[in-house]
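Should a chain be cited, it is by its letter among A, B, C and D, assigned in written order, with residues numbered from 1 in that chain.
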């Protein structure tokens, strides 16, 4: 045991990510545009995440909400949930954060080509899905129909309002949204996200589904999808677990034998359905 | 000077909350009191019904500054009640810990709380800018006292392993030798401190007092046990202290006033020095000489100097104890003392004077009665008497409000009162 | 592979020659327990010890360590920890050796864990064969970890008449042995005697369940919905002792320590933690993916007997018996396996 | 706190032993470096003079009188961040041992010759029951390193994270024997780590002075200790030393002293 191989790449220590733009979406969520040193490209897939860190507050896994692009920066949509994320919210343009990644496996975008796309996003789950949605919309011709279902708690909790409006106005997209609790002048639909399925014409045999939202949502959405005959292998879900490394070492994110940070966070239901701890 | 009013609300740089109130009209002191206003904590009430093993951990929380002292007194009193005589190494380690607490407390008082007065600044934090070396020296010495306790019993504030019957963890030989080295390395810092106090001019003030401290047979400058001895000649066994010390409560204080039959008396560093000066180690005796102390001093301000002398004394004693303990065979694995009924009172010297704890236990080893007599309470009557005299002197000199206020504050501080402790009086209700 | 004969008196000589190059850690008493500590005095060595509470592998994967130093105002690492002076572990039991082998695979598979590699590379392992199972909870016979097969640099095999066989398992082991003048190469007769003694010793290690890893794994897998998990975890205090003493537990959390003094660097630290602690799988302070003791206990056993078997091809439990021996609530693998396998072959 | 270069700090004290303030002064090795980054403007134990102009208040002690309550509210108005330090401030510490007993009765035992002081509250309360507390540094006394960890994070503009793992974890990793195996009462499984398990490392059982973790396994521990033959009453008394404000413990205390500690005495 004398000489051991030294690691070549250094994904275990962060690089400097400079905040070049901040946008507030709701009372709890902000979008940060981040640039890597020397304008390096992150080169990520939709559904992947980075570890964002601030010394003194540790690190947190955050999905990349922008689509892969040749450009030099990327976006993170962050909810102020705890110590680190609150501190992120107090940061300003020009401040720097630590970035490691991208990590994990995202959505199988190549395999999805040629299919109709159904997106089911609940709450903050829109953040990772937005990356895929925009990827698909940028390559609209390679995909069949596009349906986006979005559920939020209240109207004020909805993210990316400008984009929601755009999708709503886009005739080539079937966009539907619903909120759990009606509020103020909300005239749209009220009810849990599964109510959006009612009366929809979907073609399960030609559709790929991407789902992201809070754990409870998965159970209900899956019942709905399976009842309509969607194939287990074409339903993709993104999972959230505790993560301290992103390297498959810390053991925190395990769902049964899987390390979510390496083989996830996106899994097909064909696979995840067999993981007894997943849902 | 016809009319004067001093009202120091929340006396600072003392442990605990206290007020000084003085009202003078037509040159006559109409009102003078040292109020102790700490919220009462009802320790005696809380102790009743608890098992004896818990007592040191509970009474330690009477005061974080003399935690080792309270814990030691509690352990010794409980052991007496249980009829248990700990082996001599246990006594030696307790002495060593008291030495450490004395060093830490005396340095805290002398350099952090009292010194700023002599340089006319509000706190040691201000001194840190003007006299950084003095402050660094003091910090190192204070650290020394803390580190000794940390190494030997886990921490200073609420020591962990001091228990009824001995120590739940006996330090290793290396621990003792490590502590010894640390103390030896502090010699220069102690010398610096003596020099610092040599250069300070003590206010001159004359107020003779009866002085009481523990004194034992043998040659030790006693801290742990012994006979309660008065400079007036009385002496009495520790568990009979109430034969010479009587207490009364006063309406303006949550503490009690103590008297001998001759009136108020003083305890603390200066009293121990007065009673035990012949027992000082040579280096401490030399320090006393350099600081101009004499056993029959009548100036209460000399308590500051006596504390410095004791810091030197305790360091020297601690080194000897380290050697002794490193060479001694460690006692076996700790075993709790068997519970039984009994009654015991013990006295221990703590930085501010003699501390008495007494407990009565039922057959299951639970507390049925507890009593605790604290140094600051014993000093309070004497402090008020000294304040009277001091205000008289200052008025005669024609000093104004500010000078009187500062003089009074300095005098109270010289006694190093620990007001936290003193409100936590426990009741003596021993049914004979 | 070469073998030598070492007389009991020369053990100290062997230790001295290893200590010349490595910081040597060996089993010593700590109160009523044993632990691997820097050996300062040969007298303190307890080579015939039953089991240390903290496994020797903790010297490579300590409970708490600095991952790297940083400037609090800049996100990048400024300085990684200095390569440690290489350490030697003297007197490692075969089960713990197997534990180290598993930690090696987990940490040194890409992406390589720098800190572990730093401590592990250049280390030197002297194993010692056991005369009998150490504790009632030992499962080394079932796990076939009672004999050292690989991973060691030198292996001490007790032999009758106050002597040892010394076997080398690496070049470094050869080098050390060759530098020891007092070693006598083993003769054919020595080997024959050694084999006889080994056979006698091995007979003292009897498997309790007689289940091979795949069979046990399948049985465990089938127990997912069993009531046994809630019954067994009834008194679990979620204290994490079982994780802390396990030679193959490796999960961790990351904490930062910021400097007090302006301009000084801070530390990013790793703190080993365990799946039995209630907070292990909590996200954002609310959702707990293993909120019940039963789920946590099940996960621990599944991790060792199912997930690691899938990943490494062998059980993640090396059968040292620590988790049961040191569990204050008396939760024992032996009992769990007994229930899962439906029978126990040999009386405990 | 981001943006504040040298925040002003006040140190305040209510009912307690002042050991936690002393722990601040006991930061001998770091005090001068700390003073480069903060200004201590209020610290009665160490400094004369005081001001209402401070951004951060470190508050020690429980609230046991009407005047304590008034002063604490005033501090809350002045401070941007209020940090509770020590068990007294966090959970009432052992001051809470007097709860469940009438204050008048307790008073009459301690000061038989003096009239009851109406300032004394019937119940001792932790700070959080009187005002909003931003962070807590638990323990009796506080651990100096933990205090530094909290202060440095705050100075960096962050939010300190409370520990969520038990003292047992620290204790085992420190290589200690478990006191439960010896038939001793130990509460390490209940309390959050962060004290370096100093008590158990020095052979003394953990008293859970740092409070209880959410969902602390009180009933499991009780069952285990009782199975070992330890008297239920003794366990409850011990739990009550620091834990009287924990709901699970309060229920057990009520079981032990129905109607309060001196219900019988009061009735007679």
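Simple rule for what comes next: contacts are C-beta pairs under 8 Å (C-beta built on N, C-alpha and C of every residue); 3 or more make two chains touch, one makes a residue touch a chain.
Note that the coordinates shown come from a computational prediction; the quantities given were computed from them, not determined experimentally.
S.K.: With centres defined as the mean of C-alpha atoms, identify the chain lying farthest from chain A.
M.R.: B
S.K.: Based on C-beta pairs in contact, work out which chain pair has the most and send it over.
M.R.: B-D
S.K.: Could you please state the distance in Å, as a whole number, between where the Cα atoms of chain A are centred and where those of chain C are centred?
M.R.: About 39 Å, centre to centre.
S.K.: What is the distance in Å between the mean C-alpha positions of chain A and chain B?
M.R.: Chain centroid spacing, chain A to chain B, equals 64 Å.
S.K.: Just curious, how far off is chain C from chain B if you go by their C-alpha centres, in Å?
M.R.: About 51 Å separates the centre of chain B from that of chain C.
S.K.: Which chain C residues touch at least two other chains?
M.R.: Only 72, 258, 282 qualify.
S.K.: Out of chain D, which residues touch more than one other chain, so two or more?
M.R.: 152-153, 156
S.K.: Please list all residues of chain B that touch 2 or more other chains.
M.R.: In chain B, no residue touches at least two other chains, as defined above.
S.K.: Considering every pair of chains, which are in touch?
M.R.: Every pair of chains meeting the touch criterion: A-C, A-D, B-D, C-D.
S.K.: Which stretch or stretches of chain D touch chain C in the complex?
M.R.: 30, 33-34, 36-37, 148-149, 151-153, 155-156, 164-166, 168-169, 172-173, 175, 177-178, 180-181, 188-189, 213, 215, 217, 220-221, 223-224, 227
S.K.: Under the stated contact criterion, what part of chain D meets chain B in this complex?
M.R.: Checking each residue of chain D against chain B gives 13-23, 25-26, 28-29, 31-32, 35, 40, 43-50, 64-65, 68, 93-95, 97-98, 101, 105-107, 109-114, 117, 119-120, 140-141, 198-199, 201-204, 207, 234, 237-238, 241, 261.
S.K.: Across the complex, what residues on chain D touch chain A?
M.R.: Contact set of chain D toward chain A: 2, 152-153, 156-161.
S.K.: Quick check: in the complex, which residue numbers of chain C touch chain D?
M.R.: 30-33, 35, 53-54, 63-64, 72, 234-241, 244-245, 257-262, 272-274, 277-279, 282, 326, 328-329
S.K.: Which chain A residues qualify as touching chain D in the complex?
M.R.: So the residues of chain A touching chain D come out as 54-58, 82-84, 86-87, 90.
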